[in-house]
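Structures are listed in the sections that come next.
Below are two complexes that have chain A in common, paired first with chain B and then with chain C.
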Partner chain A sequence: MAEHHSVSDSKHKASAVNIGASLSGNGRSSPAGTVGSSPTGALSTGIAQPAGWQSLLSFTILFLAWLAGFSARLFAVIRFESIIHEFDPWFNYRSTHHLTINGFYDFLNWFDDRAWYPLGRIVGGTVYPGLMVTAGLIHYVLNLLHITVHIRDVCVFLAPVFSGLTSISTFLLTRELWNQGAGLLAACFIAIVPGYISRSVAGSFDNEGIAIFALQFTYYLWVKSVKTGSVFWAIGCCLSYFYMVSAWGGYVFIINLIPLHVFVLLLMQRYSRRVYIAYSTFYIVGLVLSMQIPFVGFQPIRTSEHMAAAGVFALLQAYAFLQYLKDRLTRQEFQTLFFLGVSLAAGAVFLTVIYLTYTGRSTLYAKIHIPIIASVSEHQPTTWVSFFFDLHILVCTFPAGLWFCIKNINDERVFVALYAISAVYFAGVMVRLMLTLTPVVCMLSAIAFSSVFEHYLGDDMKRESPPIEDSSDEDDKRNSGNLYDKAGKVRKHVSEQEKTEEGLGPNIKSIVTMLMLMLLMMFAVHCTWVTSNAYSSPSVVLASYNNDGSRNILDDFREAYYWLRQNTEEQARVMSWWDYGYQIAGMANRTTLVDNNTWNNSHIALVGKAMSSNESAAYEIMRSLDVDYVLIIFGGVIGYSGDDINKFLWMVRIAEGEHPKEIRESDYFTPQGEFRVDKAGSPILLNCLMYKMSYYRFGEMQLDFRTPPGFDRTRNTEIGNKDIKLKHLEEAFTSEHWLVRIYKVKKEENRDPLVHSPRSSSSRQKYTSKKVQDPPRFSNGEL
Partner chain B sequence: MGERSRVIYFQVLGLQAGELYLWTATSVKRFLRNFLIGPFSSQSHSRETCSAARASSNMASVSSGFPFNLPVASLLLILLLCLHSGGGQKKKENMLVEKVDQMMEWSSRRSVIRMNGDKFRRFVKAPPRNYSVIVMFTALQPQRQCSVCRQANEEYQVLANSWRYSSAFSNKLFFTVVDYDEGADVFQQLNMNSAPTFMHFPAKGKPKRADTFDLQRIGFASEQLAKWIADRTDVQIRVFRPPNYSGTIALALLVSLVGGLLYLRRNNLEFIYNKTGWAMAALCVVFAMTSGQMWNHIRGPPYAHKNPQNGQVSYIHGSSQAQFVAESHIILLLSILNTNASWEACIHYFPYMISRINQCEACIQ
Partner chain C sequence: MSNSVISVISRFLEEYTTKTSNKLKVVDAYLFYILLTGALQFLYCLLVGTFPFNSFLAGFILCVGAFILGVCLRIQINPDNKGDFLSISQERAFADFLLAHTVLHLVVINFIG
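Right, the complex of A and B next:
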């Protein structure tokens, strides 16, 4: 092994000169416009003084990649403003805010009584604190230096800044795997690739933004520690792993991939002291560190997804012990011992596998059958279109990089091959795991591009004295078609190749180079286009465009949340569907019943039941939950499709799961099995609380002269129940475009009026007069 | 064995005296058919055979067929003779008992009772009934080419077997099936124009709207069917699927095959170290995933779409949220070409990819 290793090392050194040459190509292809950095001048001197210029160039390129990555993520901030743009991160922001005000220990012990009323939520023990602590730390350091920034700005720009760190760690990792030129290309790719931008634009303050950096850095340190076999790098890897555990639940990917790597190395008989030292240190220290996160706790020694790591640890110890015994014992003794050990181990592994599949199946079953999990759109398989959309040409070139890696295998390339295969599998199963695939695609594509450039951009001066080991990559590259089924290469063959290489001629070389550069340019254009159009539209504000291209911003959400913040009492409790829980808590600072942390299914089902029952039944539930206000999202006026009526069936389904006697999904369908809100819709739907609140007074409103009053633009129908009377609720606020509607739950009268008593009419009068006194705010939609 | 279980059944039912006569008669004739005629007669339980059996002397058949059951049978016979005179006015109940009995007997043979038009009218539609019936209307004949029916039938069989062999099995619920080719008149009578359809016929009254299973929305998984039945009849069925060993067997076969091959070639294991082979395998996985095979596997889209109006076959789905199997095969091929061919060659294919992605982008906009 060691011998193999030194060969590959020397290869890297030998080809170092070549990298300077390929850099000019990289620079031009990077969107930051490295064109300005005078590549020709750098190149000519770079050959004379390779080391200095080379590090300057790579530093410049990395810096520009960082800059490009940072600025590509700013579309949303420049077009709108510097706020948290997505809905979910409002919780992260709120807890970061809490952290900066009350300090770290108070944050760890934080019991949030504003969420999940009346249950509350222990926030400190149920979040991955890495994101908040990072942002809080940056804020603290900046303020220590008397740079007074608001914590909000730190949160908004955290993900773009970390994207730069990601590209640096990708550079380091790819340099370990292949060479420096590939590393620089990989850094440029990951800086702008849409698959990663989708989770790290400015204003999306989410765990994934910093987790990908931690992921890549952990992998870099792991590869480094496997290569060197030093405890120092292994401990560094553990610390980085600790940061990853604190940041994102995706750390499970690391704790399975690294054992897999070790296991495959054992299978390939690539065991060495270095692997032993690296993995033993990593497993023990990493395990202890990961258990320090309150949310993770004892999971690493309990749950099935961590068991592979433990199993490989035991296997590695056994293997090392056998190796030790092999030196001490005679062959005969060793064989008997070996067979005994192997049979015991096989039995143990068999039992564990049975146990694990048994426990694993139940969780899988739950995942399929709980409607809340099924209702989240991110948990869907991936079509090839999304692969292409998120990765563009990288998806076509990364198999080539994988091919090169496997053909020139060594310890760390085993790792990257395993990473690629497992990540591509997971990305195929679930759209959101595209995020873990993106870094490896960037690295492998960079390897592919780098070897092409190395081949076609190499200047003739260098060609005359090619280092012998160096030729193997190019050799493969050159006639990838013919050489595939050749087991080993003959030296004579290589020299023949060199001759044909010289006959290639400068024309073909330059044509191929141009085409490659054009591809990269198209990639950069595609990335910018996708980032600008698909991933930078904030969901907190909606934008619409007029015919002349001018833009309208619909700011209904913030309008409504600020209304709540200013006009309701401090302790008011707002009921809404769980999608809006974090926003209400973050923006309006009011108590919510359910939120996006969907830990309590029955509580959510109760809210769903209230929404799908009729008004008096819902009133009972709302009174028992102390609800003061009900907030709903209604898109019928402007044609916003993500509103509550469209989500309504999920509410019914989730409510049915817990209360099958009262709520039945089939009641909300027409006899033909359709979900309709017009006259043909089922009467239960037309009288349920959600319907009434959504369409209250909507029947009086004529949006357009071509349509009748009460015409729902989202569902393109005229609503079925125009004469809606509310008994226990009153309209408190409706935003400008009716996007958010807030209702106040009336306090109970002294006593329920008897139906036949003469006094009931007077109380009804009082009710109507109240409505006239306090008219709800209306305005005609401008759209 | 039959006799004893019937006696217990008799007690459970708590039948009245008038029913007893009929019960004895049918049980005797059942024994007759099961043990004497049964092996020779075909599956069709024709009423003629039964009435013939009834016409023949009960005494003779009992004594000749079942000497070991003689004490019990004679006891029943005494009862029968005693009650013979007073049974006239309870004809309706007799009929009911006979029907229950008949149904029980059928379902003891097969968990799903096959019905034709006559039987359906007699046992499911006709009023004196104290049991619920779940009917699957289907078309299982091969010439009907109803693949959904076959899948639904499998699920239905799983459910019916779970009920049949559960400890809670009783005469309150029966599973039946009406095939279109055997009971087309039933389909016409019920105004039914699609198969498969699941209907519940309650013990009392006519089936309501909710008694037709909403196949379109819920699907026909047996768990869903069980939930629906629990909802309609208050009978809880715990679905027990027979474990599917085919995957395990296939895996074991594969492993043994590979192991055998390795053993045969144990002197020459060089090929395991062949990097090209491993690289090929890795690329296969990558291509399969990036071309969206996993989506196909999970969602099961059609291979291609044929436009019913102009007969055009489109292989590429119009939206970017879905795809056809053919589409992913095309992509698979393209990306293999892209990567494996030399770098120049890939340039020819990129315009196609680019135009496709532009189309997708247009869709999104």
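Right, the complex of A and C next:
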């Protein structure tokens, strides 16, 4: 027991001594060093090298963090199977598949003619290739070693593997900022925190899975290069930044945070040559590296989002030049002319850059006003519930960590403070950006916890050995300080004070330590619960649980997509709402009209117009687009609330944006302003294509003896138009629970049907010809 | 005013020629050459136009990058700055310089089209 205690303390002190250059908040490196030697004297037989045990412990903890992070993300794979989830990952999977079959150059130059039907999509120039290339490379290397893994399994398990790498890079970054203990805590936090797990479960093959690793690693290398001032670390930072640019559009965050850091350092009079070397090298080499990605192209020197970096670069050059001159010249000479003139010029340049940034194309705010972007649920503002749900107690302890960093400020802690403040602002704007807040919250909470633990655990050791000297000192002080010597009273006072000091200390310290450990245990339980319940659903397969707990799997989506794959011709074109585009392309392997990329608003508006018009008008649009099949999602039988009738108003709004004369949103509401699908609903709604396709033959179906036939479970009403006849479409497939319905678009008739109008036999007979020998004449209707 | 400007500049030049070591002067000459090359490229771009924009950017950024790396090397080998760079010896500074140039040239050759 005592040996364990001293082992942990010696490691604690060894870690405190090993910090070296970084100023830590404990400020106890020197006394810890001296105290460390005395108790381990007798017990040093078991601990030959504290530093060796420390590295072993760090390695084990990091390995366990990787394992915990990997295992926590496997809920969906264990419950269902190894399948790609959601919508966007299907496109990434299809691209990676294309890459592994056709090679790298074919992938970079790929023109996909099976998406956005008449238009096609230039995939090579509109995608961030980092994810596909990473997965493709791992697949290639494994197959080279004759470990034949299918590309789908590589894609499914890529994000959990990279979560372990994220833990390690967070450990490295926090170790640079604070100390090794905080680093280990941060690694453990980020391995299981739900804010990061939500975008990196097994099966979620999306950019964020590798981008957060690239982000943390780039920041680690940046902090290292600012600390050492070496070009080697700066080049490492550039290469990691290049990987980040290839992986995610969020690289704009890096290219704005690092210049902001340098600017704030300049303002705080913390300019040093190391900062100059680090930022100049990073900016130039990073600039040319980032332009190698086709999607980024020339944006880094054209768009407003990148102008801050250029501005700070120019400012830094001017500042460094001024510093150089200041060292050479005397004060008066320097002050006379150069300073004012040149700094004014530099300031003017910087201000124009800022002005251009704010009046230029500001993408974040403009996007909110386009209906398509507004309809995506991830772009809504964040509620406080999401903060707690995704971060639990870390969101409460993270301001404490921020305060510790600011109190013991140095160059790299300025960086993490700026990172924290900007991440909190962005996370408050959009739910989706909670992901960028999560790493910094983990780091700062780890710093807070580490400081608390050091304060409340480390003191016990200090108090044990020198109490003898302390009490004798106090004894002397009290004896000399007293004017009249009431010997008995003084001694009792001293011994009481000794006892009370020793009595108060260990109790409070153990209570606080216990409390902190309980908080951490509750955090781990919460993380596992949230991951299991909220973030492990594949979205392609639905599961419901009966009263007795048994599971009911609804595999309608895959059933329908595979029907499409096996029963339609290779070149068939499928029209559906844009949500399902990637899944249709990935699983059914058919050409789609619109998909989740949503780059062409007019095309999507055309599809929306077709869905919201009546059947004949919609048929014209579908013929002009060469549509063969129409796919819709209908949740009325099982009560699925994400179906197309619930999304219908968005279709109408988007169509109205492009065709305001033909489609009006108010037409689809009742005169009282309600959206109803029963008899009281608007007649335009009851006759539109979407309504007809959703409820075709639904009027005959009675789900339950208590409800009438045609009772829609999702809207909880009986539908209004039960006797639906389709003229230009025919039903091709309906899945088991009526979730997916596919209709075939009929070809045009061979000839127009004759209009049978009644014969009018009134006025023609009155005229008789007087010429009898006239040749017979053909006239209408009399032959 | 202009008198003091000229006097300041001349005093600065005089101090420069006497106080800086030969090693640093070689680096400064290299930096001046890079500056000239960059200015020439920019002038060409202004006169002839930016048609292969990636080529112009590649060449110009290479000049700027080489200049910056030269300045970094000069800072790191200057004995006056030894206090800032305790862990970086002169040889290490030069090796870093070579590594950075290798990366920069590889990227520029890919970019030049």
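Some notes on this structure:
Here, the second predicted complex is superposed on the first by the 632 of 783 C-alpha atoms of A that agree within 3 Å, B and C clash if a C-alpha of one lies under 4 Å from a C-alpha of the other, contacts with A are read in each partner's own complex, and residues count from 1 in each chain.
The rule we apply is simple: a residue touches a chain if its C-beta (ideal position, glycine included) is under 8 Å from a C-beta of that chain, and two chains touch if they have at least 3 such contacts.
Since the structure is predicted, the reported quantities are computational estimates derived from the model, not experimental observations.
Residue contacts after overlaying the shared chain place A:325 against chain C, while chain B stays out of touching range. Once chain A of one complex is fitted onto chain A of the other, the partner contacts of A:82 are absent, as it touches neither chain B nor chain C. Of the two partner chains placed around the shared chain by superposition, chain C is the only one that A:298 touches, whereas chain B remains out of contact. When the two complexes are overlaid on their common chain A, residue A:274 makes contact with chain C while staying clear of chain B.
By the touch criterion defined above, A:406 lies against chain B but remains apart from chain C after alignment on the C-alpha atoms of chain A. Shared-chain residue A:601: touches no atom of chain B or chain C. More residues of chain A lie in touch with B than with the remaining chain of the pair chain B and chain C. When the shared chain is aligned, no partner comes close enough to touch A:589: not chain B, not chain C.
Chain contact summary for the complex, chain A toward chain B: residues 381-389, 392-393, 395-400, 402-403, 406-407, 409, 417, 420-421, 424-425, 427-429, 452, 479-481, 484-485, 487, 512, 515-516, 519, 522, 526, 529, 533-534, 660, 664-666, 669, 671, 673. Chain A meets chain C in the complex at residues 228-232, 234-235, 238-239, 272-274, 276-277, 280-281, 284-285, 287-289, 291-292, 298, 301, 325, 328-329, 333, 336-338. Interface residues of chain B facing chain A in the complex, by the touch rule stated above, are 209-210, 214, 216-217, 231, 270, 274-276, 278-279, 282-283, 285-295, 297-299, 320-323, 327-328, 331, 335, 338-344, 346-347, 350, 353-354, 356-357, 360-361, 364-365. Remark: chain C residues 1, 4-5, 8, 11-12, 15-16, 53-54, 57-58, 61-62, 64-65, 68-69, 71-73, 75-76, 81, 84-85, 87-88, 92-93, 95-97, 99-100, 103-104, 107-108, 110-111 touch chain A in the complex.
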